[in-house]
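Read through the structure below, which is laid out as structure tokens, and then see the notes.
Naming follows writing order (A, B, C and D), and every chain is counted from residue 1.
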Amino acid sequence: MTTRDLSVQIGPLTLKNPVVAASGCFGYGVEYAHVVDLSLLGGVAVKGLFLAPREGHPPERIVETPAGMLNAIGLQGIGVDRFIREKLPELRDRRATVIVNICGSTLDEYVELARILSDADGVAALELNISCPNIKEGGITFGCSLTGTYDVVSAVKKVTPLPVIPKLTPNVTDVASFARASEDAGADAVSLVNTFLAMAIDVETRRPKLSNIVGGLSGPAIRPIAVRMVYECRRTVKIPVIGMGGIASATDALEFMIAGASAVQVGTANFVDPFIWSKLLDGIRDYMQRHDIARVADLTGTIDTTAREKEWISS
Amino acid sequence: MTTRDLSVQIGPLTLKNPVVAASGCFGYGVEYAHVVDLSLLGGVAVKGLFLAPREGHPPERIVETPAGMLNAIGLQGIGVDRFIREKLPELRDRRATVIVNICGSTLDEYVELARILSDADGVAALELNISCPNIKEGGITFGCSLTGTYDVVSAVKKVTPLPVIPKLTPNVTDVASFARASEDAGADAVSLVNTFLAMAIDVETRRPKLSNIVGGLSGPAIRPIAVRMVYECRRTVKIPVIGMGGIASATDALEFMIAGASAVQVGTANFVDPFIWSKLLDGIRDYMQRHDIARVADLTGTIDTTAREKEWISS
Amino acid sequence: MPVDVEARVIRNTRLSSDYNVIALAAPDIAAATAPGQFVMVKLGRGSTPLLRRPFSVFEVLRTNGHIEGLTLLSKRVGVTTQMLFDAVEGDVVSCLGPLGKPYTPVDPPTEAWMVAGGVGLAPFATLTEVLRAGGTSVTLFYGARTDRDLFYLDWFRDRGVRLVLATEDGSLGDHGRITKPLERELHKGAGGLQPSGAAAGDVMIYACGPEPMLEAVAHVAARYERPCEVSVERVMGCGLGGCYSCVIPVRDGPMGHHYVRSCLGGPVFAADQIAWEAH
Amino acid sequence: MPVDVEARVIRNTRLSSDYNVIALAAPDIAAATAPGQFVMVKLGRGSTPLLRRPFSVFEVLRTNGHIEGLTLLSKRVGVTTQMLFDAVEGDVVSCLGPLGKPYTPVDPPTEAWMVAGGVGLAPFATLTEVLRAGGTSVTLFYGARTDRDLFYLDWFRDRGVRLVLATEDGSLGDHGRITKPLERELHKGAGGLQPSGAAAGDVMIYACGPEPMLEAVAHVAARYERPCEVSVERVMGCGLGGCYSCVIPVRDGPMGHHYVRSCLGGPVFAADQIAWEAH
């Protein structure tokens, strides 16, 4: 078996492979250190961080839906200072490629977070969470406005040498225009999708199943919408697109890459199988072998939209 | 068992019960006459009609996805004249409550269709399909623009005495604003959701699984998003909301009604079980019995968002 | 009128690592089925798979003249066929049918030539029963990748069916595609050398298999001016005419065609109706 | 370190129309499990259900000292528990564990009083084994709706456990909730009348059951100044600290509290740590 080049380029950042843990689905990474060798992942996007610690929403915080789940965690978190003090050193020791997902209520908060994290040792990139659907003050006001997106990205770019990756919400009419606004503002890449705003009601009590009433839908259910959005963004911008939404197998990851993703993130599937990482990488390697692809990066955006031909396959 | 009042009011139109077959998922209704007594349904929304016959897209037109399906039928259809000549008489004979789903490429086409159908015998209401994601000329340009929605609804209202129900697309940032524009333009109700624009790729061939590349996602996968959208619309407008998206059981139908729907439509689930109709109605009746609800219309929008109390349930 | 039956699995026989024959207790459907009709089946709880899948009725099961159920011949290609492969006695399969337009059986002296590719064998067991009951002589042209994928040969032989086989690896019968022996025999027939004793022209061809095979058979049949019916295989969402997923282009003039739902207008079509050049 | 095992079902015993005990061939997990720890299980193909579900390890199965696997005591309430109920020998259950903080066993002369509500019995079989091995005397306060929902009584009796029962319909033991006899015995104990011979105060309470029961037990324990550990039941998405779904409010001062992940910080907590008034 020839060695296959799994590395991908996200702007100035090289990931050793295209499989990244999605924010909010992998704690601060350190929780998984005893089951996963963090250095083997393409990257770890840590749980969304505000400047200050946050309590998040009261339970119920999640509910399962057909092929998906709703969450309204409300970005419970330890705040940036404790993160740098308590988590980052271990992540560094374990040689994880750390992408910090940051959230603010105001533009200044994003800028302040970016400043603080730029001085910390061991941060590979910043992912701007301007798309959390679960909290009013969670940047979604930026994420649903083109000028808001443009402003927050360019403000953060001004204060940090780190690669900046705005994370886009799918709850908009034209996601590609947000990718464009991000690119115009100097983003190094965009990542998508965050979760879909959704809800579930217990008909016996007539109460919402989540304490927050609404939450974000993730998991395999959303994959076809997410793939379409990645495809649209890829056709609109030149910066790399990081794709996610319902990836649960190597085939799913490859589907996103062929649609246009340079790397992928895995969220919900990690809950189902914390050992999924090596299975995804093995599956990707196997595919490259079968199709004789030397560099995984060569797959990005290779969707073939010409008409297909018929073949006589003896069945 | 007390008799339960299942009738609901959609503006001027009374439906004998709230369960309606969704457009495009029940042919022209007549196809199902040998398995379902059409007069027992709340209504039958027939396949989207253009003025002229249409061939639709080449196969593959559907593909299954986790808890959902994509379709890109491309509104194959017989056109309004043949519909009135060949299908409407049988629907009338079978005492179906017929909701005609109409599509146009221009505002004038919607107006012309409304005019023609207003003169036909046996049409209960018009559903304006301004939300089909699969064809460029399928009204989606109206459905994604507030003024477009307003204009097409008010133009149609001017020429028809029939109840007018614009069908909204979920592929927008703020669906409730489209419900509001519809209400302002004089719509008698709104229905939602149409399908979510999505895609799937065969990684072995790197080709899209649908000939049209993209298609619309329906089925249980989308239900939590659809319920949220119905909830938002109900809080924004006074006209009735007809809810749909992934309904496959009486519980699902009740969830939509509690969220704010006055009636529901069932699409994909009819493919899985063409005998679903009596099961849904039985389940709704049973629920009303258990909860001592005399009129199903009293359920609409009764979601209880006050905090819950703990109870000691011996488990 | 189709019915929906929660059919118990009577038995499940594996024919190879990919093929199985599953017997289902659906006597009402079995009794009403004509050769070439299909059922829509669904297995499993929840929504994996979400939609039903179409399968030809393979055999009608009779015990002392009493109809017990039906069988499906299934090839493992995905989630439902995997579940059909794994099913055990007592499991339940939701089965809706019979559906679709059947084949048109011929009467003697016309001969029936059935052309099957792989799992396309499925409709030909019931067709054989009907044809043989009417005294029609039957030939089965049956092709597969290898001899291990040719099943039920004795079943057909026992019913007096002449077998003409082909395998792509040459392990049994003709080496290559099944249209090779079909064309050879049609050629012989046209030359006056009646291989099976029938008068030239008195042959009706029935085909089922992958679409490129059907197209090839249709062209051969047309060349030798033999009537031909094909059973097409399109992705079906409902099987009842509701979804318009299963369409096939049907000729409506020398050049034109329009899409017809193969679950209602088919799956069996006259081969010359299909606009093969479209898709 | 938790492991993920595709565990074969060794046997599945129905205890009632809702309860079953399923034995799984997961010896590595069984060997590493401490009383009160749990596993995350997943059944079925596809995404119904999507997520794993948490279950306490009920018994550790031993044959001649050799660890064979573990059992789960399951109550049928939804999709996964239905599948656990229906599973048959040979089926496969994906089983991840052991996870979470266990109970803290006490040593003699301190007595152990275990308080179980319904399926909350689950962690007390392994806890009994550990306590009895250390010579601790054990009492099980066990409440359910009716006597038909009280299981494994002989199992506990055989191991020298004193049983105090309560049913809501009065069919066995006290009529009403299990906190009634618990409080009565604590009261007796506090009055100097040692029901089981232990010195007043030398009792550790372990509770598992519905949260309102845990809260009631916590209050009773506090009133009688007895140490108490409760195993809480929150909806868990991952069991590994990844999702933050399973939080419970834990006191961090006289008035305040903060959310702690019960899959990492629990499921066993000191009862006085929980901010019961929050949620």
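Assume a contact is a pair of C-beta atoms (placed from the backbone, for glycine too) under 8 Å apart; a residue touches a chain by one contact, two chains touch by 3 or more.
This is a predicted model, so every value here is computed, not measured.
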item	value
Reaching chain D from chain C through chains that touch each other, fewest steps	1
Reference chain A; chain at largest CA-centroid distance	C
Euclidean distance of C-alpha centroids - chain B vs chain C, Å	37
Approximate Å spacing (C-alpha centroids) for the pair chain B, chain D	47
For chain B, residues that touch 2 or more chains besides their own	66-68, 219-221
Junction residues of chain C, two or more chains touched	46-49, 279
Chain contact graph, described as a line, ring, star, complete graph or other shape	complete
Residue numbers on chain B that touch chain C, as the complex places them	24-27, 31-32, 34-35, 47, 55-56, 58-64, 66-69, 71, 73, 76, 219-221, 248, 268, 270-275
Chain D to chain B touching residues, read off their complex	46-48, 75, 77, 117-120, 143-145, 168, 177, 209-213, 215-216, 279
Parts of chain B lying in touch with chain A, wherever the complex brings them together	65-68, 70, 144, 171-173, 196-201, 203, 205-208, 211, 213-214, 217, 219-225, 227-228, 231, 246, 251, 254-255, 258-259, 287, 302-305, 307-308
Residues of chain D touching chain A in the complex	1-2, 4, 42, 46-52, 96, 234-235, 237-238, 240-248, 258-259, 264, 278-279
Parts of chain D lying in touch with chain C, wherever the complex brings them together	44-49, 79
